């Protein structure tokens, strides 16, 4: 097919131009996309491990468990987020967002969960982003988690907090559970106002429904502990001072 | 040619009703947004804030809503007889609004917000532009869905008399609904859900009653309940 | 009590509109059935029966339809301003009716049945109960969907001039529709489909033209209705 | 509290990007509308109107499009680095625009509109706001989808040389696309469809060739625009 | 022609079975409606009204049901051997009816309504038109679903002996069901749900027992129907 | 106790009807398998094998089917009046069988396999166990779905007269179906699909006719069509 | 031809593995049925029958299970290396069996049935056909789900020491599970549910403790099996 | 929590037993599963590339294109299948089937497609398995593709053959298209008999529906070429002998 017609020539010129651009797209971006997806998957898996570690918390091992979780979290940043950052460096964050968003969300979930357990407060987006800044080569734009991924991560956080609260109640840590309850309620109220404004509003809507379920699960658990505890309040404190409500340790 | 003339006319009519719909949707979006803020501030009731505190913001928003429904009525006034043509565009927003108003009304008066009262609260007096009955009823069902959560949190806050009152209220509303012959549609489905709310409130009432908390509660604990025991 | 009184009133209103809807649906079912029989008899056109033969039964059914729409108008007359509340219950039937009338009209006159003409054919003169423009337009789209089949069968039967005529007609109708700013809805989707009809008719026209059949055809088989080949 | 403050800030940011999106969508709707009118006027080519006549209106609209893309570029200029955040909101409109420009370009030059030429035609010179390559390629596929219809109608109008030219053009474009390493996505699917366009054009070419019409055609009906047959 | 003759005959048969089905459905709708009213009046039991008061209306409706099932039997009598062809059209209504009758029976006798008793109550003595066993069993499952709610409300009203009785009853019914080899179908699913009812009743019994309420209860509030607490 | 006795009896009845169903399902699976092999051998018709060759295997399988339906009839004979209770378990298999028989019948006789003929072919003479009319009709619809493919492949094999014959047949069957008042169910949906088959056959007929192939075909090409032109 | 030969061979292989699966499913159904009866008899424990009485029937069924697993092992022995191809067909049955064995084991020894013990009880010593570890673990979770109900009923029957023991046991099991690194799958979900069982048992333990029932209970009602209260 | 009770001890013994078994499961198998999934994904992607290469075929480049395709296919075996084999070696093929099945199916699709284009015949399962045997360490059981994966791959092959046939018709290669048509019909007929017997019969059922669509698409294309060609058969051969039906090359 070596016919020397100008249009085909133009197109093969065009095709070599594609070697700069389209192949840039399909090789560089497609393969970059693949690599980013893989890196994101690793971030997800290892963030999940951190979350799992936090759920190992119990009344007596709090410091120890959280210390380990924080160490693991730091490892996620050092090993996996940094790889993601390296892959993303110099490319358009928004163009590849779908490829890395799941990992980032899961990391947000893990980081905010650890922080809440330690400080009882919400880890801000600015704080997270500040902690990521050192990872990037200073010459290029650093990876900054965007508001959307942060909020989507927070939405999932409430599910983990619910699991945590149920566990804490079983462990007799009522105050901790109540603290979680207020915190989750507050996040729910704030996100309710924000949800419809997000770019992916319909995803967020389903997350909001799940979140309300989580809030109510915590409230119901607090309720049943409360009514059970209320029943004998007059007698408590006199007879049986060290009988903590619904705590396991008294067995034996 | 007559064909072209006809389509030219259609074009005007369709453009016309298109821009009307645009205006309606813009107002409906504002209603949705106001209702959302109102809902969010009412949620504080679950954290046992006092009613006056909770209501301050919500009440201000009713003024906004009146204005927005006024706008809608005005727009529809331009198209007599076409209320039901465009009605679908603000339905679900109105149902939410009714549910919020009815919840506030119950908190204040422990009675059901009647249809006429709802219309009045929203400044809908004209015959032309009223509150559709089915929208009102769906709104009441939505309110019912929020009551179990409210009861649970009130009891946790020590308000042991709350389940009894809510149960009485919800039983009455449920009985009233059963008088209606509902079609097999959205409203029917929502109403069918109400029985789960009723059941949950009954269970909470049971939990409180069986532990003899109702007696104690009334006398000793008034915390976190501004105007109500 | 006022709650009970309110719900009693609701009950009456809902029962009322329920039985109204029942009556409407019953008429709509009759319209559907008449349209089905009419469609059935028009189908013979694809087997190249002569137009008068095909139309005999169909025309009789128009009388039935006039009567049925009269009934609908009467029912809606009892509820001024609620046309669009119940309109959904006879929409799709009306769209089918329009498509059949428009097809017959084209067979007779080779021109588009106008909206006013359609209303007249169905005896809808009153302002209160007219033919909704969108229903009319959807009906025209439905008619368009049947034209490719008609053209194919006419050519098979030797009526080689038919594609040219239908193409001209459909091109005009398509162009007229393009003047409208259609919302992104059912009508728009139906209209988007019309381009496939147009394309198919163009193809048939092309097939006939490239084989030089147009010339022959015109002289010998003018009517193209000499029974099945 | 910092939590509330943070969320308040988010709300502002999202409101901000929401209103930005609104502006983008409004421009995109204008692009869509201009493209629709442009398409409408280009459709006359199927009725064998002369190219200059057909192009007059279309060319005027290119000016409108340049302006609109200028607006988009301006808006995106306010948000450096967020091109791909909002890109989805004008993608499909741009693909349509490319297909129309490429079709016009072919009619005028019988060659493919290159990516750089398309950008130039739309006044997109800045690096910040260019024409996404995939959008360009999808646009070319869309153009290909219109060619079979064009060829059929040209032949019907007596322009017998058209199939040969279009076939050559489409064969080249198809071959060029095959050089690309397409992912298994929307573009790939669109490209797969191009094979059917190619096949249909070949069939028409065959029909014309087998009847020896190519020779005749070229001499007598050079323009192929003698009005409707 | 034989083809036409055959279809003509089909037409008659299909019309025939169509109108039969219509008649059946109309009766089934009446059964549904009677059952709904009956259910409505039985609901008062949850508000601790006295049994005679609650039963007055319900018992009257049994008469209506007998009549309706009589009609069904008559209709089916016209089509010997086709009971199961149409059975699906009144199944779910019958299951509801059985559940209501069985609940009433338990309230009166504290024993399970047997299949033969249910048939008798509904006036179904003929072999031709009986109560399908699976429908009976599903109805019993439905009744079981209502028991936890009943028990909760009875205890709330001070009837502390109720859980023990219901638990005994439900344990027996559950054990009896377990003897059956149920297919993996609707009935099996319903029966699988029964264990949750049993569990809930056990929990209520536990609540009452652990608080030593059973002793008190028995002496002072024997009937437990002193109106709402 | 009577409760236990009742459930014991139920257990027997349920086990009984369970094992009956098992037997039915086993036969139905055999029917499905035979029909599948039959279908597979009939598919050779698309490769233009001669009819006798294609039919050899298929005809042998009819014997198997007769035997299997005999078994079913025998099983149902044990349960007089319960045909429709178990009918669902062999419905869809029977529909497939009818479609295959009707296709073979058409190939041999160019006429529709009548209901009585289908029963006869399957050895169903007894009144007790016949071929349900709706199953027969669905089977005919299934057969219709296969005709366009058949026609396309016959024409490709040079059998140019085939489309005309199939079209005539399908037009008649379609017209006959239109006489029926179908409920809005599975059969209706299947029948609605028949019009697409009709349309496709019309198109094939058109393609053949417009090229004047019908004349040629009959005289010159008899290849691959054992007994039929 | 080799193609046909290959497919013929495949057909034989698949028929083969199909009939193997049939045999497996039949054994699995028997396991399911034995487990069901076993479960049924164990349920009497909730009615506070004595352990020996409850176990008599259950223990006999273990013999049946051993035999059935022997059959399975034999069948799988015919297909070395294909254990996991068919494993899905008896998974859920095995999980149920493990849960029942583990529950019995706890009742007898107040300790957890270990994996090796479970294999031994079922006669699975061969390496070829063992108890899948995930199935074992899921079975333990299922057992945990039954413990709250057991505890509630034991307390109701006056066995006040039971909650303490179960709580201790369940706490240990829960802690052991937390040592595993569970994937996010079915097992993980089942394990997550264990927390609710734990909580419920704690609540019962609390109820008993707070009332000082533990002391009393231990002395007077050691067995807790004084028949139904 | 160092209480010395026997049950807990038993359980921690049990838990250390899990270090042999469960951690074997969760680490060895879960991570092995992950690795097998990844290897399978690579097989899929590179098999797809082979298929894509085959679709580049045209009238005049057949040998060249197929040679390249076969080389690529061999590379898939050498690089990716061999990795998969290495991962699977010594473990239960059936247990991990879900993890590697997609890759194997796609490889079957690619291998049978190449073979059909070259020889016009179906590459048998035995032939494929024979070609894989050298990859395995002779000491352990070699990876053998099972019938199910082979058949699922064949089912997808028909879709690729349809695309090929449409392309060939455009290119004027009618005979080739007709050959494809017969071949696909045959596969469809054979699979029709096998489909309900397969382990994953419902997946296969949807594939069968798609396959019938493919068959009919080819038949329809052959039909329209045929009627078009039949129209002028009397005139063809006399005037214009080298005018191949619907071939592109004549242009210019």
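Lettered A, B, C, D, E, F, G and H in written order, each chain numbered from 1.
By definition in this document, a residue touches a chain if its C-beta (ideal position, glycine included) is under 8 Å from a C-beta of that chain, and two chains touch if they have at least 3 such contacts.
Here the structure is a predicted model, which is why all the values come from computation and not from measurement.
Within the list A-G, A-D or A-B, G-H finds its counterpart interface, over half of the contact pairs alike by residue number, in A-D. Counting C-beta pairs in contact, the pair that comes out ahead of the other among A-G and E-G is A-G. Farthest from chain C in terms of Cα centroid separation is G. A straight line joining the Cα centres of chain A and chain D is 42 Å long. Between chain D and chain G the centroid-to-centroid distance comes to 65 Å (mean Cα coordinates, whole Å). Separating the CA-averaged centres of chain D and chain H is a span of 36 Å.
Rounded to whole angstrom units, the spacing between the C-alpha centres of chain A and chain F is 58.
Contact with two or more other chains is made by residues 207, 211 of chain D. Contacts with at least two other chains are made by residues 1, 193, 224, 228, 231, 252 of chain H. Of all the residues in chain H, the ones that touch chain F in their complex are 182, 185, 188-189, 192-193, 196, 216, 219-220, 222-224, 226-228, 230-231. Chain G contributes residues 2-4, 6-7, 10-11, 13-15, 17-18, 21, 81-85, 87, 110-112, 114-115, 133-134, 137, 169, 172-173, 175-176, 179-183 to its touches with chain H in the complex. Residues 32, 36-37, 39-40, 43-44, 46-47, 149, 152-153, 155-156, 158, 204, 207-208, 211-213, 216 of chain F touch chain H in their complex.
Note for the complex: chain B touches chain E at residues 164, 168, 171, 175, 178, 199, 202-203, 205-206, 209-211. Interface residues of chain A, counted against chain G in their complex, comprise 48, 56, 163, 166-167, 169-170, 221, 224, 228, 231-232, 235-236, 240, 243, 245-246, 248, 250-252.
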